[in-house]
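Note that subunit A is present in both complexes that follow, paired respectively with subunit B and with subunit C.
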Partner chain A sequence: MTSTNLRYEVIRIYKQLLHLGRDYPLGYAYFRPRLHKAFSAKADLTDENEIRRGIEQAEFVKKEIEALYYLKRYRALRQRYDKTT
Partner chain B sequence: MSGLRILVPVKRVIDYAIKPRVNKAGTAVETNGVKHSMNPFDELSIEQAVRLREAKVPVEDILVFSAGPTKSQETIRTAMAMGADRGIHVVEEKIELEPLGVAKLLKQVVEKENRNLVILGKQSIDDDAGQTGQMLAGLLGWPQATQASKVTIEGEQCTVTREVDGGVETLKAKLPMIITTDLRLNEPRYASLPNIMKAKKKPLEKKTLADYDVDVSKRMKTVKVIEPPPRQGGGKVDDVDGMISKLKELGAI
Partner chain C sequence: MEFHEVVMTKEALALGGQISQLERLPFYNLYSPTFYHDPPYTRHHTVNMFRTAIVRSARCAAQAATRVQRPVIQRAIRAPFVQSRISTPATAFSAVRCYASSSGLAQEEVTGRIIDLLKNFDKVTDASKLSATSHFTNDLGLDSLDTVEVVMAIEEEFSIEIPDKEADAIHSVNQAVEYILSQPDAH
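Moving on to the complex of A and B:
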């Protein structure tokens, strides 16, 4: 039972990351295969705790990417509009 | 005390990461087939509205407004995914609205929807006019705090901090009021996939300019749009003598 729930959780975070990847600076074509590789590298995990750890790691990466986007935009705008300070 | 009824106008602009190109006729920036997204300064205003709610300030509702082509709907949806409650979209495909027209339009929205706080981006990154907020404040006769870097609201009292030359300035005013956002106000959240899905269920009203009694006719005419001249590349000198002669040529020594 729990394994199917975990399965959905993994798919959910995978979809969220894919969505994030659309805006990736190096392009979706760069992002997608790498994301796929990272997930398929852990496809054979069976231990519940290990899978949970994998999901946590994915959540961490998601936060990192969001922060990357924010910083990239902030820096670009700061350079354009805030040069005097 | 009644809660805050916030209006956040947003604009769909060419994405900040895209290098704008001038169209062939030299009359405007090419927008066809170019990636668009929400004006970054408007993201700051939505984030601020949502943060006010999260800081337990009584916020009744957050209304997003946009006027422009059908695709502006996506921008409104993004705003709703970030936490706004509902949206109004004034569909206008042909006329490029000017700040005064938008301000007049917003005035009517404020009156019809009974708003008491308007948070706008200080400027849009396409026209860089930076006028709409101020004009709206003038039309409504409300106090305004432009380019806010910190906003706190206690009861009817708004305290806004703004960055000015050599320090910060703190303004206090009573509601209703107009606030425009500066870059360092907050860190806008990312509209996540689950939230975008949820935002699809939030109410979005479609209207046209005919629903509002405004004169949005053009007052300005764009004469010409040209790209900045390309940067002149540097040159290499072979030796010290070469450098000195180059410097003399430039009149530096």
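Moving on to the complex of A and C:
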């Protein structure tokens, strides 16, 4: 039962990352194969704790991408509104 | 993306900085249907959102009616807010009404749309194996992650949300078609 739950969790984080990747600065076509590779590299994990660690890592990457977008937005707005720079 | 950013910022300025919490979220296209597939914003949220907006606009209109003797300056300041609140829900409300109409999709149409979608999927290299009965893994050579992507694409194509369990059970084109046909709000 826990293995199916873990499976759904992995799928959920994969979907969230895919959604986030649509606005990736280098393009979705760059982002998607790399995400796929990163997930399939861990496809053979069977230990529950290791899978949990992988999910945590994915969550961390998600936060990083969000931070990247915030920064990009901040820079874009600043460029438009800030006349001094 | 750039376009919406600019529009949203201008609107925000026109509203005197009164941006709602939702609009302040960065890098989400509020006008794209895919946004509403993402948790935590489901369709119910948007309906509620519009409902509160309508209630609020009605309250504003009622207040405006009762306070006719208000000073001119105060009325002038309030005017743009009232106007903008009324104008947005009017368009949004009609969009919600469109959602309510039943689709009645034919099986051939659903199959055709799913096959077209798979044709555009770059991992499917051998288009000759693509048919109404092809299996994602066995015939098309997709792995489970690709299957997740295909299911996501199907969700977007038919503007529905497929729960985890059902999404996990879809492994072939005809399973997907069956699922779509069983959903009354797919279109």
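In the analysis below, the second predicted complex is superposed on the first by the 83 of 85 C-alpha atoms of A that agree within 3 Å, B and C clash if a C-alpha of one lies under 4 Å from a C-alpha of the other, contacts with A are read in each partner's own complex, and residues count from 1 in each chain.
As a working rule, a contact is a pair of C-beta atoms (placed from the backbone, for glycine too) under 8 Å apart; a residue touches a chain by one contact, two chains touch by 3 or more.
Values in this document were obtained by computation on a predicted structure and should not be read as measured data.
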For this session: Pick one for A:Ala41: touches subunit B only (first), subunit C only (second), both, or neither.
Result: neither
For this session: Tell me which partner A:Tyr8 touches in the superposition: subunit B (first), subunit C (second), both or neither.
Result: second
Exercise. Is A:Arg78 touching the first partner subunit B, the second partner subunit C, both, or neither of them?
Worked result: first
For this session: Mind working out whether A:Tyr70 is in touch with subunit B, subunit C, both or neither, as first, second, both or neither?
Result: both
Exercise. So which positions on subunit A get touched by both subunit B and subunit C?
Worked result: 15-16, 19, 69-70, 72-73, 76-77, 80
Seminar exercise, completed: The residues of subunit A that touch subunit C in their complex are 7-8, 11-12, 14-16, 18-19, 23, 36, 39-40, 69-70, 72-73, 76-77, 80
Exercise. Which residues of subunit C touch subunit A in the complex?
Worked result: 1, 5, 9, 26-27, 34, 38, 143, 145-146, 148-149, 152, 164, 167-168
Problem set entry | Contacting residues of subunit A [partner subunit B, same complex] | 15-16, 19-20, 25, 66, 69-70, 72-74, 76-78, 80-82, 85
Problem set entry | Complex contacts: residues of subunit B adjacent to subunit A | 16-17, 40, 125, 163, 183, 187-190, 192-194
